[in-house]
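See the structures that follow.
Look for subunit A in each of the two complexes below; its partner is subunit B in the first and subunit C in the second.
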Partner chain A sequence: MKVKVLSRNPDDYIRETKLDIQRVPRNYDPTLHPFEVAREYTRALNATKLERVFAKPFLASLDGHRDGVNCLAKHTTSLSTLLSGSCDGEVKVWNLSKRECVRTLQAHEGFVRGMVVRFCGTSFFTTVFTGLDHHQKEGVFATCGQQVDIWDEQRSSPIRSFTWGVDSFSSVSFNPVETELLGSCASDRSIVLYDMRESAPLKKVIMTMRSNTLCWNPMEAYYFTCANEDYNLYTYDMRYLEKPLVVHMDHVSAVLDVDYSPTGQEFVSASFDKTIRIFPKDAGHSREVYHTKRMQHVICIKWSADSKYILSGSDEMNIRLWKANAAEKLGVLAPREREAANYSQKLKEKFQNHPQIRRIARHRHLPKSIYHQTKELRVMKDARRRKEMNVRKHSKPGAVPVVSEKEKHVVTVVK
Partner chain B sequence: MESEDPEMEREDAEDEREDAEDEREDEEDERRRLKLVEAITALRGGRKKPLGERSEAAVRVSEFAVTAEGERQKVQLSDLIEGAQQSPAVPTQTRKQLQNLSRSQKTVEQPLSRQESERVQRDLAFQKAAVHVSRWKSVVTQNRRSEQLVFPLNQEPSGPKPLEKVVTGWRVQTPLEQEVFNLLSANKQPIHDPVLSPAEEASLRAMSLEEAQIRRAELQKARALQSYYEAKARRERKIKSKKYHRVQNKARRKEFLKQFDQMVKTDPNGALEELNKMELARMKERMSLKHQNSGKWARSKAIMAKYDEGARRAMQQQLELNKDLTQKVRSSLSNQEEQEDGASDPELLPDFVNDAEPGQVSSNPWMRGELSAEPAEAQRSEQEVAAPAAEKEQHEEEEEKADEEEALLRDFESRRKLRQKEEEEQEAAVQDVEDSDEEEGPADQDQEEEGLSEFRSLFRGVAEGLKEAAAAASSAGCSSAPLEGGLIRIRTVEDAELLPPEDVELLPCSESPPSAPQEEAPPTGQKARGNKKRKRNIELKEVLTKDAKTVTVPLAPTLTDTADGSDEELDQRGLIMEAFAGDDVIADFLRDKRKQEDAAKPKVVDLTLPGWGEWGGQGLKPSSRKRRRFRVKVAPAEPRKDQRLPGVIISEQRNGSLSAHQVSALPFPFENHAQFESAVRTPLGRTWNTERTVKKLTMPKVLTQLGTIIQPMTEEELARKKASAAGAGKEDPHKTKDQKRRARKGRHSQKI
Partner chain C sequence: MITLLILSEQAPSRYWQELQQEKDEAKDAGAGEGNKEPTTEEAEESKTPKQKKRKFKEKQDQNQDKKCISGKSDPFPGKARIPEDRLQKFKRKEKIKKPPHQHYKLRTMIARSEEASEMAQKQAARFDLLLPEEAGFLEGDEGEDTCLVSQEDIANAVDITSGAKHFNLKLSQFGPYRIDYSKTGRHLVIGGRKGHVACIDWQSKHLMCEINVMESVNDVKWLHSESMYAVAQKKWLYVYDSNGIELHCIRKFNDVLRMQFLPYHFLLATASATSFLQYLDVSVGKEVVAINTKTGRLDVMCQNPQNAIIHLGHPNGTVTLWSPNQKEALVKMLCHQGAVRSVAVEKNGTYMVTSGMDKKLKVYDIRAFKPLKSYFLPAGASCLSLSQRGLLSAATGDIVQVYRDVWSTPVTKPYMAHRVRGTVWGLHFCPFEDVLGVGHQDGFTSMLVPGAGEPNFDALDANPFRSAKQRQEWEVKALLEKIQPELISLDPTELGHVDRATFEQKHEDRVKALGFDPLAKVKFIPKFKKKGRSSAGRVEKRKKQVAHEDQRDIIRKAMEDKRKTEEERKNKEQKKTLLSSQKSALDRFKK
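And then the complex of A and B:
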């Protein structure tokens, strides 16, 4: 005989201690939740707004240099150490967690043009050549000036030097993945690739304007991005130099430096227009722009090795520390906090195409000059396109071919 | 030259030597002759000094200074390769090629210029580099497609590592260790996995095959047997004879009883369950009117019984059957109980036994407070009928003691439960630790079971006592508690105090532990005394010395003074009525709906122009004919969708404010509207999804660790990806090797 009683077991809904979370029994039947999309949309909207509210990327400014900061170097084994070289030949070692200068050295008489920390983290190199980079695993480094030289640490003369034409080079960088490859930017508007094991350079691509720096993707061996004088950045596949994969636009002045995030998903660029921009590796436009009133032309930029911070050195003698994700909460998150953050992130992604959410997410305050310059550039670009269209319309079909934006900037590839 | 005979070869060699000597003589003659000719031509005064023969070794030799045999002759290819034509070391094939070359008259092409050769070199180098770098393609695409990227790439899992891994990472260093390991490896002893040697493992593997075969045979047999039994059961089920089934049932019952007696000895737990089942069946039987001689058939038989012997017998049988079925099962278990009970009569057991066993529903605290725990008055009337008068007198004497003893018993009950739990846990622990104890297990259980049955009997006695006490109380004319109270959960003493005073009388005041259910009632003094004598008896004094813990749990009072409550309630209701006096929500809604309906109705448009085609002015109206003519009638609107839904307003007007939030164009990665809509429709939150789904859906694309340096990708990653892609079966050894290497490397870098 079974007696049925209309009662619920309190164990099902009463928590043992008040520290436990409340039990919320759910019925997941979708017919019972007709407004799920609307509710999630509201949540996404709120999350987007909150993200904007909490977007405070600027963390600290390290001052102490007596001239413009010309180069920065990340320490290879210590996250909290940063080295900076200024235009008066001074090198400073910083402790980032304490935000103070640990040591100051007078390295050169003139500019400290390049600086790099050895892979083991015990020593670092500075140079008066225009560029410097160290091999990932071996005691070999490369400099550039009139030519690109490969040096062995134990020898006083270069073990190999590459020349191609008579132009000078502005920067050189080793591929961090395929460690024997190098890339360099020359002042004849070209980017030259080298293999350390070969006696001759590999290939050269000449663009419409000069590239200032070049940075390889640390996770994808054959991609590199270069910062160009024509306000753009170009991501190339080193196997196909005929046209860049992506043209990253948004800066309104020459781009001076670029550095990849160690995850290889994004990169950050420093520009003469006094802003820093963060680009996803395959997006044509930046996802973030950082600026402050006092920051002048940003000369050098680095993305920290734990992918959480960005360091910028600028003309007005300061080094600035930024968050890589402006609204991210720093430090250890409680599990529930982390879950909530993940959820709101996914919500934002899910509804990113909805106009209100996109508008709020994209909204940034820009300095007046940059805002107007952007507008001006847009007008110029439109005018140029309009003219081209008109010319095409009034000429023989096929006489004025359509040239894509990617192809426009490459003059030629030299074998 | 290719003769096989050695003698022949020797002869050939001799011939050659002679030939060579002849030739040398010829050459010398020739040279002399040439010199003579030269001298003569020089006398004649030649235009050009011919190039002399190279005779000395020099550092710088012009390649053009090689002279041909004769004067003023250019060097021919044939001059250079003349020697090759004759020497035996050059294979015939090459000789043929050389001949062909000497015959051709083409000039050799100029070598490439330095620029061009460099260019070729560069091109080749680039192609090589491009091919080399392309081996990363698979890794790159894999990473781009992966749902989640975890950085740093070669992360070692945190926390303690298993012993095997630590051991494999360890290397022999000292000479002593080396010797030991040499010995071990020479004798094929295990080095990393210290459990089994290879030989042992091999033997194990061999054993396992045999075992598998045996097991397979066993399984086959079992399956065959099962099918036989099934077939048999099917056959028997189809038999329609009632008598057969009756006989069968009887036999089964008897057998079951026999088995039960055995079971009591061997498996007391199972026996107890069976007993419970039988009890249940008995209860059902007692409740139903089956076999009670009250059915249609029985009545007809009763009429016939006067005259018919058979009918009388049938009725008798029926009654016997009833008696049989309703009789309590007498097993060794119940026998014990009765012995312990002493004087109590099995026939006089109260309905208390019908209560559910506390153990069965212990998960639900609502069911823990049992029916018999209700205010005792609820059952009073029944008890009065059941309880014999003689016993009642006896119990009345002992009523005063009841309260204390009830409390005691409750304490016992709680302790017993606690102990049971502890014992269970201990048993579990013991089973884990020692295998040898397993044999002693059943014996322990037996003892335990005995104790249990004792307690059961005790409780029965207690319950009886309670009821009788209650009966006595009622007869004494105590005030009766309201019956409509229903089930009240009592947790603490405070709760108990909230109850009406009659209940409090029955309840203990000081010693009751908070968790004790209030099912027990005071036992008779004899029983309490008898309690002491038993094996696992509980010392009264010992229990009494310990203070009961009281846990205060704030609870809303379950009962309030009725008079005050009603007043307050009235006040509340009045307040609400006052507050919402003018609020007729339904009427408002209906009015709204009517308004909307009216607004949606098509309106007649009047296009008459006063004064057009006739006189107009104050007080003059356009003629009715004209008005009729210029009135535009609109087609009647379609029936409203909410026509038949009284509580709903459906408005089909577009809400303009919504469009600002809607997506106007299909976003990029989607190919059609359906795709996009389905993507939006899938909810992510935990309101609509289970925990695991939410975790999966909200997994971040890139995961980094706080304060860890992310190194660029290395060759090892490539090797690892390849290994993982190569095959799932052979994956593990590769992985372990790779991990080993990485672990070693990690340590190395730390040292640096």
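And then the complex of A and C:
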């Protein structure tokens, strides 16, 4: 007879010395691992809960300005440098790793409204014009005040001026991908697009309320997001301005500034209601909200160039440094730590739609004023909707057309 | 000098040259088949441009014979082939139907996730090659029957360590013994009816503890690791440490006859003589649920390892399936014409084997609840146990018989048989070893059954060679991953399915929120008016007005729908009559 009985040699399964690592033979047979879905679900639930436990986004507050911080500028080549301009004309250069001010300059006598660093990183521009932006590659910059001017660095008068019958512009921004395109926000509730090479503006879209700032998506050539006074942000495709791609709703007061992450997947918005919100580029609602008792109206915001930090300048003379992912562990991670973090992240994504996990992941503490304001706005919105429904019900079918939420906010497009 | 002229300069032919020929033939056949490809163009179109590019590149690489530096070409070009059955072993789910073309984001997400699944499946199948051990076997010579081979013969024919796995513990004083092996297969706890309880590391024969609980013992069970075990004594349930110290006496669990431990839920399920099925969470120490089964004395119990459902056998021949979330049985199956004597469920959760007083042994497919096979045993089987590789052991009186492949090929004779020294009271296969433990009236016997145990264990799940530190780490991770009892149901993958009923409800709500409310049932709250126009009667009148308006709307809509269906029906009938009124040349032959 032929017989073989299972006999394992312990030398193959136990480590030789105390200094070795343990031997872990694996067998991926699914029958040896029952309850895969339930165990992964439990792990995802734990990961979501731990994310809330470790969500501590506030890193540091940069103190020093003697008046409200009006504008921030990212240094194009150095990650640890930040420039800020305040309402009394002071410009400060900060070193973010040491969290201290390196230089202070008295640039203007009035508000420093616009500030930008040149693409080479050796010099920066400040202005009392309402807005300022520099070209990505050439020595050309644009300002906006009564009209949008394109200046050459060497000349003392603008090389081109764009007007469209509007009395003032609030901000101007160069497209980082298509470097000849510009966008600006005008006081007649419109957004005007220009091409630097042409002599007249391209087109403009007029909305129901004024936009404060504009920011182009650094990854997608045609998309830009504008921060509007009616508490929303609108992402437009430059080619089809009839209706916005996405309406981002979550703020309870005017949105003052917006900046995209260098990955182009998310953007951060600063609002008059003392909060900062982070939105995914294609979602209607925010994924994260940052607030502090000490932070008053947030005027300007920047997403750092390594996509890890957010810098906010606010009314009470402080610049705050936040983490972009609130529960992320900073610094160099060991390989096993990194693996575990990636695994948890993937699990959270996989089970994000299950009700219990969604409830925990979405939960954020809000200051009482904002919580009540949100509820009030919802009641108002419901009332408006009900009224419209009733009007439609009691009028001739077709007399009151159904207008989608996106179309509601655009008045017209002018070429 | 004679010089041999070699007529043909051909080198002797090698085995891969045949393969090369085959490959060329396959290529020609493939070229011929290429003409059929235009019909599969539709399938091609559905792929994204990036996928098409990747496929094209793959084909290019395959077709070109990559030349090495030496100038020779690879005799086995392309990636190594994976055998189909191995690939099938790791398949989790069928591919899902792709959503319609306009949901392009969803389509790309699904395509990407399916690609990742396939890659994971292939990687796991490739890793299968690296498994260190192979299963045992026993093959008789020509004319020799494996069931006539005795344990002593096997023990003499194998190596010393394996031979030492066959031993007898002669303990005739304390009654028939119930046994349990721990999940890793390293430790064994035996409990005699008259109160003798001992736990042993059976491979090294090291005695961990030995106590006499001074009461009758109905059952013993290891808890999650080798540090604690539960003993069902005459009155109550006791938990002991592996040193023999009594940790808990749980008075809520009285008259317990049988116990089963659900390892991934940390639940101890107990069946009592008072027809109660109780679940105890051993990590927290709380009773999860006590179910009154109302079916009488419960002394036949087993668990389904795939979905943690408890199977109970009853004196009226039924087997009932229980989960802690329902007070009634999930399923009631009539299995035998007499009482059910024993139940066992296979580790894959597909087959259930039951034996009854009607001397029959039946095999059921537990997923479809269909009977597969029925065998007649001359004396009936009092205990059943299934091993990890599908061997079934059945004990009748003092004879233990092991059968192989009970569910696929009809079995005529046992694989192995052994006689022990007393009535068999407990039967249990050791998890990762080729060993069957038998608890009987005269003590304990460990039998060698080649081919019973799973040869390759997963060290992150159950590692028989783990150190104390590894056990502690494993325990912490297992407790963190403990599954809540609410998730126990017949289908363990239920969490992964979309809950369609509530999804439809939610979809409706979303449609509502957009402003197109077809079934708007917004409550009408009349506005408060001054000057007495908001008295109770007036308010009721206003409410009634709105309600009548709504009713009129509903009736109008219902009439519209009715009219439409009527019209459709009329159109259909008209069309039918038109077709039938068409004259054909054969009409004159119709009567």
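As a convention for this text, the second predicted complex is superposed on the first by the 397 of 415 C-alpha atoms of A that agree within 3 Å, B and C clash if a C-alpha of one lies under 4 Å from a C-alpha of the other, contacts with A are read in each partner's own complex, and residues count from 1 in each chain.
Convention: a residue touches a chain if its C-beta (ideal position, glycine included) is under 8 Å from a C-beta of that chain, and two chains touch if they have at least 3 such contacts.
All values reported here derive from a predicted model rather than from experimental measurement.
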item	value
More subunit A residues in contact - subunit B or subunit C	B
Partner chain in contact with A:Val37 - subunit B first, subunit C second, else both or neither	both
Touching partner for A:Met219 - first (subunit B), second (subunit C), both, neither	first
First, second, both or neither for A:Lys346, with subunit B first and subunit C second	first
Subunit B versus subunit C as contact partner of A:Asn27, first or second or both or neither	second
First, second, both or neither for A:Ser7, with subunit B first and subunit C second	both
Which superposed partner A:Ala200 touches (first subunit B, second subunit C, both, neither)	first
Touching partner for A:His354 - first (subunit B), second (subunit C), both, neither	both
Partner chain in contact with A:Leu72 - subunit B first, subunit C second, else both or neither	neither
Subunit C-contacting residues of subunit A that also contact subunit B	1, 5, 7-8, 10, 26, 28, 30, 33, 36-37, 39, 41, 43, 354
Complex contacts: residues of subunit C adjacent to subunit A	89-90, 92, 124, 127-128, 131-141, 144, 146, 149, 153-154, 157-159, 161-162, 165, 264, 305-308, 347-349, 432-434, 448, 450, 453-461, 463-465, 467, 470, 480-484, 487, 492-496, 514-517, 520, 522
Interface residues, subunit A side, partner subunit B - complex	1, 5, 7-11, 26, 28, 30, 33, 36-37, 39-41, 43, 76-77, 79, 120, 122, 136, 176-178, 181, 193, 195, 198-203, 218-222, 238-239, 262-265, 305-308, 331-332, 339, 342-343, 345-347, 350-351, 353-356, 415
Residues on subunit A engaged by subunit C in the complex (per definition of touch)	1-8, 10, 12-14, 22-39, 41-43, 46, 354, 385-386, 388-389, 402, 405
Subunit A partner contacts - residues on subunit B that touch it in the complex	118-119, 121-123, 125-126, 128-130, 132-134, 136, 140, 143, 149, 151, 280, 283-284, 287, 363-367, 660-664, 667, 679-681, 683-690, 694-695, 697-700, 702, 704-714, 752
